[in-house]
Amino acid sequence: MFSITVRDHVMIAHSFRGEVFGPAQRLHGATFVVDARFTRAELDADNIVVDIGLATSELGAVLAGLNYRNLDEVPEFAGVNTSTEFLARHIADLLAQRVHAGALGEGARGLSGVAVTLHESHVAWASYERAL
Amino acid sequence: MFSITVRDHVMIAHSFRGEVFGPAQRLHGATFVVDARFTRAELDADNIVVDIGLATSELGAVLAGLNYRNLDEVPEFAGVNTSTEFLARHIADLLAQRVHAGALGEGARGLSGVAVTLHESHVAWASYERAL
Amino acid sequence: MFSITVRDHVMIAHSFRGEVFGPAQRLHGATFVVDARFTRAELDADNIVVDIGLATSELGAVLAGLNYRNLDEVPEFAGVNTSTEFLARHIADLLAQRVHAGALGEGARGLSGVAVTLHESHVAWASYERAL
Amino acid sequence: MFSITVRDHVMIAHSFRGEVFGPAQRLHGATFVVDARFTRAELDADNIVVDIGLATSELGAVLAGLNYRNLDEVPEFAGVNTSTEFLARHIADLLAQRVHAGALGEGARGLSGVAVTLHESHVAWASYERAL
Amino acid sequence: MFSITVRDHVMIAHSFRGEVFGPAQRLHGATFVVDARFTRAELDADNIVVDIGLATSELGAVLAGLNYRNLDEVPEFAGVNTSTEFLARHIADLLAQRVHAGALGEGARGLSGVAVTLHESHVAWASYERAL
Amino acid sequence: MFSITVRDHVMIAHSFRGEVFGPAQRLHGATFVVDARFTRAELDADNIVVDIGLATSELGAVLAGLNYRNLDEVPEFAGVNTSTEFLARHIADLLAQRVHAGALGEGARGLSGVAVTLHESHVAWASYERAL
């Protein structure tokens, strides 16, 4: 099994609802350093998993939709706790759509899975992985 | 599949028995930077894998039992090579007990696995993962 | 010259005023991984710069005043761009007060300087250093 | 499941063929920080996965065959795009040969898999994993 | 004293002349992870050292002149050992020119110094710092 | 001003005397990830600060004297708190001796300073710098 991973980041504000979150129920924020991993069983005709340049630019495009935003005011997230793990799935799902739409190149249709990790600090991170 | 990971560290002394260990047969020590990863198939009612605050405090509680100790003098480890990989399992098993005892919250009973990685330096680390 | 550095982090929301900030004029947020470095010319009677445990707990106490807050609503910061470099000075000044108040121990009165670095992502950070 | 991972690095020149590579079609180079992970279901008689010292020296021996070379001139790679993911497999396969030849010790014959990750920068890396 | 630092990277091929370089006399390559630090005594009217976005784009522009190149064939470097420390100075000098030309904004004319660090691996890096 | 830095590590056991150390008064241990930085005003005839290979091997030779040892039993350290900052100076002084003895090459006699940083965990480190 092969994979490539690219890294970018996003800076957002949000708050949580639920006693378990303690002081994080207040409006606060986070930098998420985001790793997107793409996997496949065999390399494509160019001997790669997917073009690292395209993977990087598509991850950037997905993150641009979140960057410098207060997630509490994003209609799509109304009533949702935008936890680190929830956002990992959100980003992975958007990347999957782009793979299926051909945005990562025709060869990328051979990808078998995508995993997204969001580092919220040097001591905590969350991941979500799914099939393509 | 979702996961969250939290990081802490512990500083211990120990020695090894067996020619394979060379100079590490002498009493020496290590800082282990410890990553504990918790996994589950679906998020809980709060949209999380497990509370990162609770995960961090429980990992800290488990490590407190090892911290600033000479493992050669811990009765539980008598006659055992307390290798990095052995300690990864030891910590994972203690975290599993705490999950089962409800210490990570009722929602944490939906966790499916735990993995522990101990970084013994910038160039070597060991992991153990198990089901819950 | 000797120094010790300890690391912690803080998660905040804020916005900026000024065209130079582009989309960061919107309410967003950041995780700041914070390094506090203490310097002195000679070690104290215990052969240390300052107790790492005390330095860590005092840094944590200073950061608690910022953590999980929207800095736009903190009266002390009214009308101020709470840039990464501004916050580095803010934290350094609070640490200096604590050193002078004896909170880092009597030996810490021999410290000559403090420097604070805030990492806002894996690709950008800011620092401020001052005498004590 | 247990694993240990060791890290080393290699510095090479190469070029790529194919439009997808853009400016990387020119002769350029890379530092690859290389992580080799060895896995097994149970620890051996010494309570380890494999000796970290041996794993490190064998990884170093494999990398010595690539280090400070222009891969475009290595006969074995003639006509091949020596992508990061391709090199991850190349190194994993050479490590597998060494495990089978007994170079990592008799106990290492109980290893079940090897995975190799090559970090080409702070924002991109590739992996290959295989059974032993 | 304040500073901000931004990070990018560049991938090049080159060779060295001189016995001290041993096998690095052969054509090989490197990824340099490049940190550019800008310093000044007081913050500007926006409460910053220099705009992090501009600093990042200007660093990227400087690195674009080196990226994916064989430095042995760059006329400007003819007969020169393009060591990590030499390249740190080269990049710092180009950044200094851009500061003086106003490319980092009018406020950046208040900068007092620039320092550039090139990480050639996880175990070696070089720096150069100069006044502005 | 130019510098190069090389990294290695050492694993030791020790204990501290003095109430300030709390539980660290017990025999415990640490991995120290050690960075040695060498500085000079101008590059040498080979266009370098000092040979990175020689700097790495000399740092390794200095650390070999400490590695896998219980520092409480090293006669040279009798009655001394072998704090992280103390060890940083100890290692810097040994490197300075080697520079003066010519072990880092004749060109290294032009070095102006050495600084040593010991990372005792991901959240604490200590440094010592001196002239040569």
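Should a chain be cited, it is by its letter among A, B, C, D, E and F, assigned in written order, with residues numbered from 1 in that chain.
Convention: a residue touches a chain if its C-beta (ideal position, glycine included) is under 8 Å from a C-beta of that chain, and two chains touch if they have at least 3 such contacts.
Owing to the predicted nature of the structure, the values given are computational and were not obtained by experimental measurement.
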Quiz item: Counting only C-alpha atoms to place each centre, which chain is farthest from chain A?
Solution: F
Quiz item: Looking at B-F and E-F, which pair shares more C-beta contacts?
Solution: B-F
Quiz item: Superposing the C-alpha atoms of chain A on chain C takes a rotation of how many degrees, nearest 5?
Solution: 180
Quiz item: Of the pairs A-B, B-F or E-F, which one shares over half of its contact pairs with A-C?
Solution: B-F
Self-check item: Shared interface numbering between chain B and chain A [over half = same, under half = different]
Solution: different
Quiz item: What whole-number Å value describes the gap between the mean CA coordinates of chain D and chain E?
Solution: 30
Quiz item: Which whole number of Å gives the spacing of the CA centres of chain C and chain D?
Solution: 40
Self-check item: Residue numbers of chain A (touch at least two other chains)
Solution: 7, 120, 122-123
Practice problem: Sort out for me which residues of chain E touch chain D in the complex. | Solution: 7, 9, 11-14, 23-24, 26-33, 67-70, 120-123
Quiz item: Which chain D residues qualify as touching chain A in the complex?
Solution: 18, 20-22, 80-86, 88-89, 120, 122-130
Quiz item: For the complex, which residues does chain D have touching chain B?
Solution: 1-8, 43, 46-49, 51-54, 56, 105
